[in-house]
Each structure stands twice: as C-alpha cells, then as structure tokens.
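Take a look at the following structure, please.
The letters A, B, C, D, E and F name the chains in turn, as written, and every chain counts its residues from 1.
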Amino acid sequence: MVEDRYSKGLKNLEKIHPEASKALMENLKDIAPDLGRYVVEFPYGRDGLDLKSREIATVAALTALGDTKPELKDHIKGALNVGCKRQEIIEIIIQMAVYAGFPRAINGINAAKEVFEELDKK
Amino acid sequence: MVEDRYSKGLKNLEKIHPEASKALMENLKDIAPDLGRYVVEFPYGRDGLDLKSREIATVAALTALGDTKPELKDHIKGALNVGCKRQEIIEIIIQMAVYAGFPRAINGINAAKEVFEELDKK
Amino acid sequence: MVEDRYSKGLKNLEKIHPEASKALMENLKDIAPDLGRYVVEFPYGRDGLDLKSREIATVAALTALGDTKPELKDHIKGALNVGCKRQEIIEIIIQMAVYAGFPRAINGINAAKEVFEELDKK
Amino acid sequence: MVEDRYSKGLKNLEKIHPEASKALMENLKDIAPDLGRYVVEFPYGRDGLDLKSREIATVAALTALGDTKPELKDHIKGALNVGCKRQEIIEIIIQMAVYAGFPRAINGINAAKEVFEELDKK
Amino acid sequence: MVEDRYSKGLKNLEKIHPEASKALMENLKDIAPDLGRYVVEFPYGRDGLDLKSREIATVAALTALGDTKPELKDHIKGALNVGCKRQEIIEIIIQMAVYAGFPRAINGINAAKEVFEELDKK
Amino acid sequence: MVEDRYSKGLKNLEKIHPEASKALMENLKDIAPDLGRYVVEFPYGRDGLDLKSREIATVAALTALGDTKPELKDHIKGALNVGCKRQEIIEIIIQMAVYAGFPRAINGINAAKEVFEELDKK
C-alpha cells in the first residue's frame, strides 16, 4: 500500500512538474535520499482533492510564507501544468495581499512574472 | 466602478459567509469602518478566479500562517458554503503539513473539526 | 556604564508600563532572573529615539508578528502611557493590514479594544 | 470620497518615496493595476497618524517580518524623506532585536547601511 | 524497510512521550489516519541523531515559531523524558530570545512553567 | 559580574566561530557597537547548557525561521566547531521539515551543502 502511494505520487509529480521533481531528487540523493520519498509520497500520493486545487493551495501558502521563492516558482509552473491559467495564478497571489500583506503579494507577483518570462522564452 | 466592486464584493461575501461578514462589519463599525470596505471590496470584488478556488487559497494560507484561528474557522465555513466538501478541506489542511509543518496542520485539523461539530449541532 | 543603562532602562519602563514590567520581573524571578535585566537594559536603556516612537515601532512589530497577544496588549498600554492617542494606536494597527495582512490587523484591533475597555472600567 | 482618499494617498506617497511608488505602479501596470490603487489609497490616504509615525511603524514591521528586503529598503528611504534621522532608523531596527530576534535586526541594519551608502554616492 | 522505520518510530515515541502520541493518533484516527503514520515514521524513525538532541532541536523550533503552544508543551515533556534537565530546557528557550525575540522566549518560559507545575502535581 | 559574562561569552564565541564573530563586531562597530556586546554576552555568556546543545538549538531555530540564511550558515559552521558531525546537522535540518515545512528544510540542506563545500575547498 505504501508502494502504491509512492507510485501514485510519482505519477502525479510527473504531471505537475517533471523537471523540478527530478532536480529535487538529484539534489537530495547524497544527503537525504529518504526525504525525497516523503516529498513524493506524502503530498502527491493522496486522494480526496484534485491536483489543480492542491497547486492552488500550495501557491497560496508559499506566497504567504514569503521566504521560499525557489519553491514558489516551481509550484507556479506546477499550477500551470495542471490547468491553472496565468490570470488565475495572479489572482491567487493578489488574494494573499489580504491575508499575508502586500509586500509578500508583490514579491509573489514578481516570482510569477519571472516564471512567465522564462516560459515565453522557450 | 469602485461602487461596482463594492457591491460585487458584498454579493460574494453573502455567498461565502453572511454571518461572519456581518459580525466583522459590526466589530469594525466604531473603530475603523473603512477597513470593512476594503475587506469587502478588495478580495471579494475581483474577477479572474472562482470563489471556491479563492476559499481554497485562503484556507491554505491561514493554516500556514498558524496564528489566526478565528479567521481560519470563518473561511473553513466559507469554503463549505461555496462548494468545498469536508474531505477536500481536510486535504487542503493536510497538504499544509508539507509546506508549513505538522503542528500547524494538526492545529488546522482541530479547527476544522470544531467547525464540523458546530455545523452538525445545528 | 552598564549600571547607567540599567537604571535608565528602569526609569523608562516606569514611564511606559510600571505594572507590566513588575509582573514580568516577578514572573522571571525564579526561572531566569537575568532575562529581566536584559529586557530592562537593552531596549529601554538606549538613546537616539524618543519613547513614543519606540512604542509605535513595538506595537507595529507585535501586531505584524501576530502570535504574541499578551505582549501586544502591554505595549498598547505602554504607547498610551508615553503619549500616543487611542486613534493613533488604531492607525498603527490598521497600517499593519498592508504589511502583515488583514487577519493580524483585525486581531490587533481586538487587542486594542480590550485594552481600551479595561482602562475605561477603571 | 474614494477619489479624495486616492489623491491624498498619491500626495503622501509623493512625499514619502516618489521613485519607489512610480516603480511599483509600473511593475503592477500590466499584471494587476488595481493593486496599485489599493497600495496608494489604503495605507497612505488615511488621517489620524502623521507620516513620520507611519514610516516608523512600517520600518519596524518590515524588519520584524524579515523576508521583504526590497520593501524594507524603500521604506527606510521613505522614513528619511518624511523626517527620520539615520540614527533614529538604526534605533528602530535595533529595537526589533528584542521583538523579532537579532538575525532580523542585523539583516535590517545591513539593509539600512546599503540605503545610506546609495544615498551618499548620489 | 518502511515497516522497520515505522516500528522504530513507534518505539522512540514510546520513550519520548507515550501519552501525547496516543492522544495524537486518537485525534487523527477518523479524519486523517495516515497523517499519524508519517508523524511516527518520518521524524522518529530516523538514525543519525540521538533522541535528546532531536528534542532540543524541536523545543527550539517550536519556541521560535511561537504559535504552536500545545505542541511545544508536549515536546518540553518529551525532552524531559529523554534526559533533558529542567534548567537545560529553560536555557534552550532563553537562547531563542536571541534568534526569535523576547516575547516568544517569555511565552516559551511560561509554557515550560506550566509543564513543570503539571508534573509536580502528579 | 557583567564583565564575567562578557569575557565568558567571548571565550565561547572563540570556540564556536571566531571568524563570524569578528566579522559581526566589525560590521556593527560604527553603527551599533553595543549590539555586539549583547550578542556576545547574552547568548554565549550563560551557564546551564553545553555549547553543542546551544548550537543544535540555534541551527534548528534558524532553519525553522527560514529567512536568515547568512546566520544559518554561520551557525552550521559553529555547530561543526563545537563537535556536531555533518550527518547530525543534516538530521537536525531534516527534523525541521516536520515542524516548519519541507521548503525551509530543503533550503536549510542547501545552506549546509554550501558550508560543507566551502570547508572542503580549504
């Protein structure tokens, strides 16, 4: 059953953000390989909420926390990959101005602009 | 146009959580009445993201911030009022264990359980 | 020189909030008496900024941090004691909605209302 | 009345930090133009607290939050523009060591030093 | 191997805080039973750091976060159960004044005093 | 007695991280020299907890706070200097995934990897 969770998590991460998850595993490989297993299995191997809603929740939380820009950028890409429109992502981030203050929202918008520009270059 | 935003915000708040927004306005009436106008107009008078997604983002952020339990409980009710299922709310909160730690997720689950029990009593 | 700082700090605390500082010292007496000395000496024994501005900065920061309500209430009283008006305190707290989100500002306003009511009862 | 708030806010921002507010509006123009209106109107279009005290509160809160260095630097400049002395700004930031820890205070001091050096170069 | 982690985690939790872990599992049983498995397996089923050091790290972090008092109290008890002395716990919490501010350290000391009084009553 | 605390603090800082403490004093010299005295005296001039445990607590807290990377890197070096093994530091940081979320733990691991690489180059 744990294996099922893991393989389901991997499949979901493949949909959300294949590059970022490969880079994360590579990064953790030598130093804490089991941390990778938990990141795969715990948040992405679950039922009960669709992937788009999970990414909305994650983009909101990372904007509100404010100090985790690399992860925020990965999840902005992830949200786009599972069906969020750019304007929806901007709205999620603007909504955070209300709950976590304007500076974090403005920094989140800048993160989103960086992601959109990177994608437009490809 | 500002009036449109305000009346649209009021209509949306009516859908999300009529009691909580009335209580908030009442609370702010003497001391900072214009704060109420912004709370109505700014987050709830916007286009570009459906109300259910807005409440998912808000429940996620308030769980991650951790120190705003009364607002979290109001928005758990709000999320239910615009179409979230109880299990979806639990999943949003559990997802926060990954991004903001288990203690805040567990406290969020306790807030959700309190809301569900209050609703079951009615 | 250190003694000067301490006695200056004590004199300033006397102006800001005599009851709260006595209660704090009493509370720390058995368990960490030197913590009391630092609280007196470090923030309140300094030159270069008037006491009213120090209390404005402190009320702002404690509202923004959000999880330290007892200290926020003490410093709202302290700000009143060194010359802030009630409306000024409300404005400082409302300003925090912009930088730390509306829930923390609204919780800060509730803390201020509690302080004002306690004072009105006396 | 809303227009009054907006034009009053603009006039205050002109005094506090004309360059930073222009840059912010430009930055938000395509992606969230109405966010700009709220930033102008909500915190800077209010009565009841002088601009210097507002900037003291803002520098304190941004130092305490810790993860919003660009905004902190803008408001350190803003505080200087509305009458704070450099030593007063340093004192506000040092006061934050007590309420939000030394690392955030030391990072705040470094932000202030960067601002002072930029101004000395002009 | 996953089973090994789980049973090792359970054994360690038994040493750290048997009552709190039973209460947590009971609390999560209906709503999110698998969250319990992760709490057991992930932090407490690991090698490479002794239990006393893990509890020192946890008491420090929960004091610094500030908004999770029930979990802080559980881990103060847990730290005592794996060999920390009361004075050591007070020192860990006082150390946090430096990194996360005096209000969180003072609230942490109050949490410790509550735990010590509860234990002295038994 | 205060002098004793100061000279004891200096001796401990010498053991923990001589370069970082010299750089900090240099940095604070012009702008806030007394801040340096408190950093020496308050956290490092105390009895009741061994230096290794103090550094474990500090690395944990700075990982959990998330926005103070330069200080985290200094204290990772400090922890190594007072007897922590690299694997123990990694474990402290991974433990923080549970209490402050995976993004802060992953950023902490990256900070540790940077420190380890700097040391390996020497």
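Everything that follows uses one rule, which is that a residue touches a chain if its C-beta (ideal position, glycine included) is under 8 Å from a C-beta of that chain, and two chains touch if they have at least 3 such contacts.
Note that the structure is a prediction, hence the values are computed from the model and not measured.
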Identity of the chain that, by mean CA position, is farthest from chain E: D
Of B-D and A-D, whichever chain pair has more C-beta contact pairs: A-D
Most remote chain, CA-based centroid, reference being chain A: C
Length of the line joining the C-alpha centres of chain C and chain D, rounded to whole Å: 22
Centroid spacing, where centroids are CA-atom means, of chain D and chain E in whole angstrom: 39
Geometric centre distance via CA averages, chain F-chain A, whole Å: 30
Per-residue overlap in chain B, given as positions that touch at least 2 other chains: 38-39, 42, 46, 62, 64-67, 71, 90, 94, 97-103
Pairwise touch network: line, ring, star, complete, or other: complete
Complex contacts: residues of chain E adjacent to chain B: 24, 27-28, 31-32, 35, 38-39, 62, 65-68, 70-71
List of chain B residues in touch with chain D within their complex: 2, 34, 38, 42, 46
Residue ranges of chain D in contact with chain F within the complex: 66-67, 90, 94, 97, 101-107, 109-110, 112-113
Interfacial residue positions of chain B with respect to chain F in the complex: 64, 97-103
Footprint of chain E on chain F - complex, ascending: 39, 42-43, 46, 48-49, 53-54, 56-65, 71, 87-88, 90-92, 94-100
